[in-house]
């Protein structure tokens, strides 16, 4: 297969850096362009970035010259880690120029013709791309909010098996979800902050679109209600969601566990490089999953589920853990791109 | 008023130490006896205890000789921080000997004739004491589990104003709730543990008894269902509860806020030394309450409530914060004792 | 005594907020003016400040209108928590206008005619004020860097008793030393950063001036060498310094302990409101002092010293702990002002 | 090469678990026996162990039956993670039975005929084994205290190039160094403990032996003095050492950096499976090394060195970081075993 040329928008930010790290030695994609704000443009990436991880910047990217986001890029697709304050128009610009845009920004997520995509959950929603009307190669595909992802992945088997009508979820979210510099240490050391701006609205709406039904024309959201309370906790990586779920039909805990375990990822056998061996890792050890101990399961792409038990108020309770900067952000977008390559929707453009 | 002689059971443990600290310079009570396991008996308190707080042991207690818990004590009342593995029989023994027992242990909490008492919430439940049948002066009165307290205090005004039918609560609990040495740092640094053994059952049952109706003979539990998910977080002090509540009748957020703010503590004007100026502290600042910043409100006796808002699944949501080792343990027991002294139920026994 | 009118420069910053908190209910000083950058000017303090502590803003200050720092202020003295990038000229301006400036900024600290003052250590250095040449009432007096203070307070008795020639010190410093937002949580959670920009140079030079001899004209620095390595650790408040010290003459550990314990604060009996009961708290408990457990000793104004023992390389080792935002910043400046009021150097100006 | 049969002593403890993890899929060694206290004996490893890491227990070990440490084992070598309270006699017993003992315990470290071995530093000290007098195959070889290792690895190039006469070191040590349950979270959250029992004595003596000269008969310790102050910090893994060093002859910072960079590991080209690609990783980025960001360099076997600069008191300063449970414990012992296999000192015994 011909390797694809990839640009990263917002490449110097926290999400952008995660794209750079995860795409190092990717078997299909080569990072050939990095774009950021005008302030960074014209500098080498290694000079423009404040590299967070402490490790080495991948050589292939370190010496690239940063261009201003919005400028024409000789690439087949871009991953966008742009800030929401600027992402909207810039991403649309690239799509109109025939570039596939895989965006982690929230701007386009809820638009009717934009897929809000988790490959194992709603791969068919990619069909919305056909309705976007961009020139050949142009498209906008989004991945969900980092706290949404873990919850939705855990819900999907239950939606399929029993239906889901109500969800009460309280999240405990890692500081890396706020980017860099993000959460001041004075705010979070030994503390919990019971509020994350804008987060609850996303967790209450995005799942309904993702779990909705695509009829070839539009996505009809899942007919359910989600109540979310989002907390920041002094954890580095890994959003934990504690959920109670009202099912469409009664089910025993054993049936719920069986449904979670029986769920078969539609990516199985597709050979997508970033697809984890196990989509869901279900445990019956009461102490698990824990962010620090399980966040890296499946290279950060596996969602861990535990504490499945009956709920005295709704029907069933569970805890879901997702790596917020891998599966919940850059890794999710990369897997989306891999799916679209597999579907033939993303391919190499004519070299300029 | 004659000062009362106080013994502390389990005085060398984490809760016992908190009793010692909070009773230093108490205007009504003098700690005149400390009891612990046979291993500590016969040693001076200062030698027997591994003093956690880092400050100085109160002089009046430091030189007391530790006696074995269960031995006869020349005191008017005892506070019990005994471990549940031994608390049951020992506490009963003291009550049978005519000593008032104020217990933080779970053993007797759910017994029909034992008050599970929060003075501002159910002071009338103290009437159960008359049905215990112990000799004069003998009684067992318990305070609730530390995670229960914050939730119940926040629910009380809603029960009174609207009724409460269902509660979904996810707690984020401090490590001090597990005592000392308690939670290993290897388990909790940068982590969340989605399980606390035995805790959820307590949070699901104790509120119903506390919020129940006492008719002079028995307590009829509140007819409601509570679903609790309890998490340990890397916080020192302060249990945060994120709750969704189904009310008995519809109410707006404004009405709920008004009910919380209008709630008048029955302790107002009683002059109990440990009663905080404000029973509930209600904030509309989205970022609050936070454990580290607000746990010490009212000397640790005030419960802080925030994020009151509508719930898409049940009716209303809120967050409540309680100081788990003060209001939620030793401080709660001391306030219970003060109420009982005020009611005339605890008084000085004849000196031996 | 006539109360003095106080202004706070940089009042919205972290140090400025600490001034506001510590001056609430001060028996001598009234905060009557708050100054900050042009961005905040014209707004009420309560609206301009992002109040860090979580508690309530003192009422007397909350409604003051913020003026731009540098503007004329009808006050007797100002406390400056200005950023070093602007502090120099602004502070000089106030002194030239006849206002006493008590500064926490580093700009003027090492100037020959500016006292770098710790009241218990070098109160006579206040005499430098007479050489500043400002109009009546005008002066600039500084307090040292927060990491310097703990070390110098522990060294002072040794300088007096034995002389000090060399100091090797490694600090472990709290995040509050970096202000707000300060250290990103992504950098410090579960981590140590072995570098704090500019800090080591201050810790290596400021002690020599403070411990130097003032002959009525100039301060001759202590003839000693200090080697400092400064680390940031995930602690909220409290800088810990681990030091090895080469003495001017040999001394046993017992002699060093005796010297530390025998040191008599020159503030004793002066009745300065912010002077702690104990200047130094010396412990022989190996586990202490610890930041979280002892930082608040003496209301944050006591320096705790422990682990005094022989050193195989130099002569003696010890550990010193200081509350970096109280004794090491705002509290130190306030105590300086109290000393100068006591000395008659600061007094009420004619009311305008 | 014939694979070797390995036993693990103290297999259920924290160090023992680390041996199990690091030996999974080892190319030379098969774990065929696990030994622990009598309490665990007779149970399957998976049932006897409280597995700390949260991941899965390696299958090949999980079903082994735990035997009591001290019992005869059909193995070629044992790794000992035994507690010092029992390690001495048990380890000697295995050596007398002709088994090679690679011990992480402190008991035998300072004995004249026991190598205290770091393969890159003093591989020739293995020659001491010939003087132990155990039956063929029997030997005791120890690895140093976890805080000693990082310091010694950083000192070695300086000893070779310039000589080292004095060392002042302050350590900031991770909680994993205390095993499990180890440090209570109530002691270390947001805190520093300026004391670790017994640690300073080890750090002051072990380096002298390791860096000493072996003349074929005895090891003459390095003629130097080390002063150590050991602190516990809220870090999971990674001991950071901040050191000032007095050299045997003057050297510029550039020369010291050059010596550190030029040091050639004697393991280079030997093909030992656990030897890292780089023995030392030297950085000139002031912010590094940091425990959380660099502890896993070289799979935890690389020692990171930074902040090399002149010292106003001694000659040169630096910071060294070591993974305390890998290079500083189990990984170090495994590398020792690999060296001894390479040297022909450990080989397969006749199968029983």
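Details
All chains are identified by letter, namely A, B, C and D, in their written order; residue positions are counted from 1 within each chain.
Definition applied: contacts are C-beta pairs under 8 Å (C-beta built on N, C-alpha and C of every residue); 3 or more make two chains touch, one makes a residue touch a chain.
All values derive from a computational prediction rather than experimental measurement.
When each chain is reduced to the average of its Cα atoms, D sits farthest from subunit B. When the contact pairs of B-D are matched by residue number across A-B, B-C or A-C, over half of them reappear in A-C.
For this pair, subunit C with subunit D, the centres built from the Cα atoms lie 43 Å apart. Centre-to-centre separation of subunit A and subunit C, using mean CA positions: 47 Å. Remark: subunit A and subunit D have CA centroids separated by 41 Å (rounded to whole angstrom). Residue positions 189-190, 234-236, 288, 290, 292-293 of subunit C each touch two or more of the other chains. Residues of subunit D that touch subunit C in their complex: 166-168, 170, 172, 189-195, 197, 204, 225-227, 229, 231, 233-236, 240, 242, 244, 246, 286-293, 306-307, 311-314, 317, 319.
The touching residues of subunit D, when paired with subunit A in their complex, are 53-55, 189-190, 236, 288, 290, 292-294.
Residues 52, 175-176, 180-190, 234-236 of subunit C are the ones touching subunit A in the complex.
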